[in-house]
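For reference, the structures are reproduced in the following blocks.
Each of the next two complexes has chain A plus one other chain: chain B in the first, chain C in the second.
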Partner chain A sequence: MNGFKDIEHLFRFAGLFVIAILVFLVVRGFIVPKSFGEYGHYRAAAIPQIAALPLHYAGHQACISCHSDIQAVKSKGMHAGVNCEACHGALEKHVLDPINVVPVKLNTAVLCVRCHAASAAKPKSFPQVNAAEHANGIACETCHNPHSPAIDAGGTK
Partner chain B sequence: MKTTRRKLLILLPAAAVAWKYVLAGTPEQAPNYTMTDHWWGMLIDISKCIGCGNCVRACQTENDVPDGYFRTWVELYHRSDWHLENPIVISPDGGKEGFPSMKPDPDGEYFFVPKLCNHCADSPCTQVCPVGATFITPDGVVLIDQTYCLGCAYCVQACPYGCRYIHPTKRVADKCTLCYHRITKGLTTACCENCPTGARQLADLKNPNDPIHKFLNTHKVQVLKPQMATGAKVFYNDLDGSVR
Partner chain C sequence: MTGVEGYMYPNEIRLYWSVLIVLYPYITGLVAGAFILASLERIFRVEAVKPTYRLALLTAMAFLLDAPLPLLFHLGHPERAWEMYFTPHKTSAMAMFGYVYLWYLMAVLTFEIWLDYRRDIVLRSQQTKGILRVIYKIMTLGSSNISERALNIDERVGWLVTLIGIPSAFLLHGYVGFIFGSLKSNPWWDSPLMPVVFIFSAMVSGIAAVMLFYMLLTKMRHKTIDMRCVDAIAMYMFYIFIIDFSLEMLDLVHRIYEANESFRSLNFLVHTKLYFSQIILQILIGTITPLVLLFITQVVKLPEIARKRMYTVSGILALIGIFAMRWNVVIGGQLFSKSFLGYTSYKIHLVTREGLLVALGLTMLPLIFLWILLKLLPPWEDEGAHAPAAGD
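Right after this comes the complex of A and B.
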């Protein structure tokens, strides 16, 4: 029994260890979020939080649900595949409050050349112009309807 | 008021319970959306990209990306016929304001390569996070829990595609979310919504009716850095071998 002489002094030490482990488990239970580990080693509740971020672009369906007249013109022309907000900008605010938030009129001189300025880097089949030679300062919509840009489709409107 | 030990002992667990609910957040499920029904990716058709920068601007607007940082950006490649493996790449301000006009080069080719997070199925970035702040969702989107992120930037170094950055004011990692707040509502991403030529298409690989399946079967499609075996889900059509 000599080896276990005065073993009592270790009991208090072991007790401290047990208490420390219990405290750790209790604290851990409180600070680890409930959804942690639901799908993997992360907080599952972060997914719906990210999914709830606000929209800025309303989406094409929201636009054409009111502006079906524009869609009717656009769907027959070369710009059928271009969504409204690609030119008009982010308009979720306009969808939520159509009377007070009105989109600004676009400047075609800036807008059209964003895509249609000639460059050897663009695909050959994409219609490109050298704006200075092509229009000589005349606004694009004088000849082209931006919603259906072929010349025979008509000018301003 | 004098705080006695008794009062403190009562107060501490109450504060702990309150803190637990702060951390848990306020979940708000999108209706009619089941995560396990989707597996998101993107298709980028190089032969359609005109380098207008609409995607970059749309992304910055939709996701409040700070100036000088990019969740998506466009690169202009100039690949000379004499140095196939050493293309000259420019991306002024991420292509946000478009690109300068290029003169035709008879001894080479110019093309645009839009880039974004590849939402890899086996992503190195999620594997290195020490706190479980970045992860792939059950619908295949790599996201960041910014309330959990420490900003250690380990994931920024781990991403082989350079798609992550440390947000300058939040001081946490930030990257493309594949517009998770849009795709869970049935919308497409801001970049795809605003691409005028349809060069970018959101793809749901678990949807058998998604046109991606037909496209992948009829075209020669690649991912970036396939040798990294990251399971990248951004597919590039007509990708030149010089693209890194």
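Right after this comes the complex of A and C.
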């Protein structure tokens, strides 16, 4: 028994460790949400919460259900793969109330250069211009139809 | 755009890892280095460095307590840091490191210090009064057994803890290098040598710091500096410094010879934005100068006063040089574009959350921790707690 007396303090320190681990596990049990890890490294209950958030974007299908004429032009041009709301912005409210909520007319002199301003980081095949030299402040739609921008593909000159 | 030359991707213009992320590897490096110095006496039986054994442990503890603070200041939501412990992701090196840190803090350093000081703690719990008595009583964990056999067991367990502590110290700091070295997207960091270089530079910085603390504190206590001890420390610092410098040069030569697609851009960076911090501060002032000074002390028989001065200057320069190394790694790795066509700048702010004042405060804080630890657990043999004389 005397032998244990001389190592008793080591057990006390080890006991501190065990207590710390137990406290950690208890706190973890309270803090970590119950649904954490159900599907992956996140809280599964977050999915219905996020799904219940109000929508802002209506989606491409909603746009073309009314604007089939624009879709007909767009589908033949270089912007066929560009979603309507990528340029026009989130328009779920317009879809719900098309009469009263009307999208603002876009300023193409500002809008187009967001993608088409010349930059060394873009692939050479991507159409890009130095806007000041190319248009000198004139709105892009003066020459290009934004829905099908290539001039020889039906754009208004 | 201010501070930007050439082409930068939009997400590269601002540096996300600030001076606090420079401090973090610097501080953990001091911890690992100080612990390695302590292990020299304990494991490798280098008797000459014995006067610094306890001081090295306390230094490691003081800096280890400070180590996570730069990271917490860096985080936008420091209160979420616990998530790393509660829901660790197995693929996150940082999450795994959280456990390494805790292991090192509790199982290695606290345990080793407690074992080494247990006799002093028990005696002080009996000799002091007031709040100090309560603190020492708590630290005894309710056991006042300081029989010869119990202390003998402590000594053997302590040896084992130090033995486990050496790979733990390597893991602690090797991991920091690993975090950078494993980032394949950044050619300035992506190198398997990074953890090794970090470990050796950590050892140099930790040894230099403990050597300087020992000399300064001994002077402040009006005691004589044990030159046999300081000579031995300087010798180890010199040898480890040579290995560290060789590894860094090996990395450099490898990069120059390999000359991959990033080389021209990085070469330009080293000769322009990093010229002062890398070539001048890190290599010339912070590495070659202390190496030459330490070399002189090893080959020329110098008087004691000259050796002391040379060790002091070498120690301070080594600490500056290793801080510059951390700076060049962390900041340097964010100054160039992945397009290799442009460079950005880092302007340190003064009073922001990640500014200069916070960085200075976090550099000074371990000194306050150390002062408290020195008061609570004096490492000096001539000031240790004495057993009451027979008949008391």
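In this section, the second predicted complex is superposed on the first by the 105 of 157 C-alpha atoms of A that agree within 3 Å, B and C clash if a C-alpha of one lies under 4 Å from a C-alpha of the other, contacts with A are read in each partner's own complex, and residues count from 1 in each chain.
Simple rule for what comes next: a contact is a pair of C-beta atoms (placed from the backbone, for glycine too) under 8 Å apart; a residue touches a chain by one contact, two chains touch by 3 or more.
Fair warning: this is a prediction, and the values are worked out from it, not measured in the lab.
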item: First, second, both or neither for A:A72, with chain B first and chain C second; value: neither
item: Partner contacting more residues of chain A (chain B vs chain C); value: B
item: First, second, both or neither for A:A150, with chain B first and chain C second; value: neither
item: First, second, both or neither for A:I21, with chain B first and chain C second; value: neither
item: Partner chain in contact with A:H41 - chain B first, chain C second, else both or neither; value: both
item: Partner chain(s) touched by A:E85 [first = chain B, second = chain C, both, neither]; value: first
item: Which superposed partner A:A139 touches (first chain B, second chain C, both, neither); value: neither
item: Which of chain B and chain C A:S119 touches, first, second, both or neither; value: both
item: First (chain B), second (chain C), both or neither touched by A:L53; value: first
item: Set intersection of chain A contacts, chain C complex versus chain B complex; value: 27, 31, 36, 41, 119-121
item: Chain A residues touching chain C - in the complex, by the definition given at the top; value: 5-10, 12-13, 16-17, 20, 24, 27-28, 31-32, 36-37, 41, 119-121
item: Contacting residues of chain C [partner chain A, same complex]; value: 7, 9, 82, 85-87, 89, 106-107, 111, 114, 118, 140-143, 145, 147, 149-150, 153, 157, 339, 341
item: Residue ranges of chain A touching chain B (in the complex, touch as defined); value: 27, 30-31, 33-36, 39-43, 45-57, 59-60, 79, 81-83, 85-87, 89-90, 114-115, 117-123, 126
item: Residues of chain B touching chain A in the complex; value: 16-17, 19-20, 23-30, 33, 35, 47-54, 58, 61-63, 76, 98-105, 110-112, 132-138, 143, 145, 147-148, 177, 180-182, 184-185, 187-188, 190, 193-198
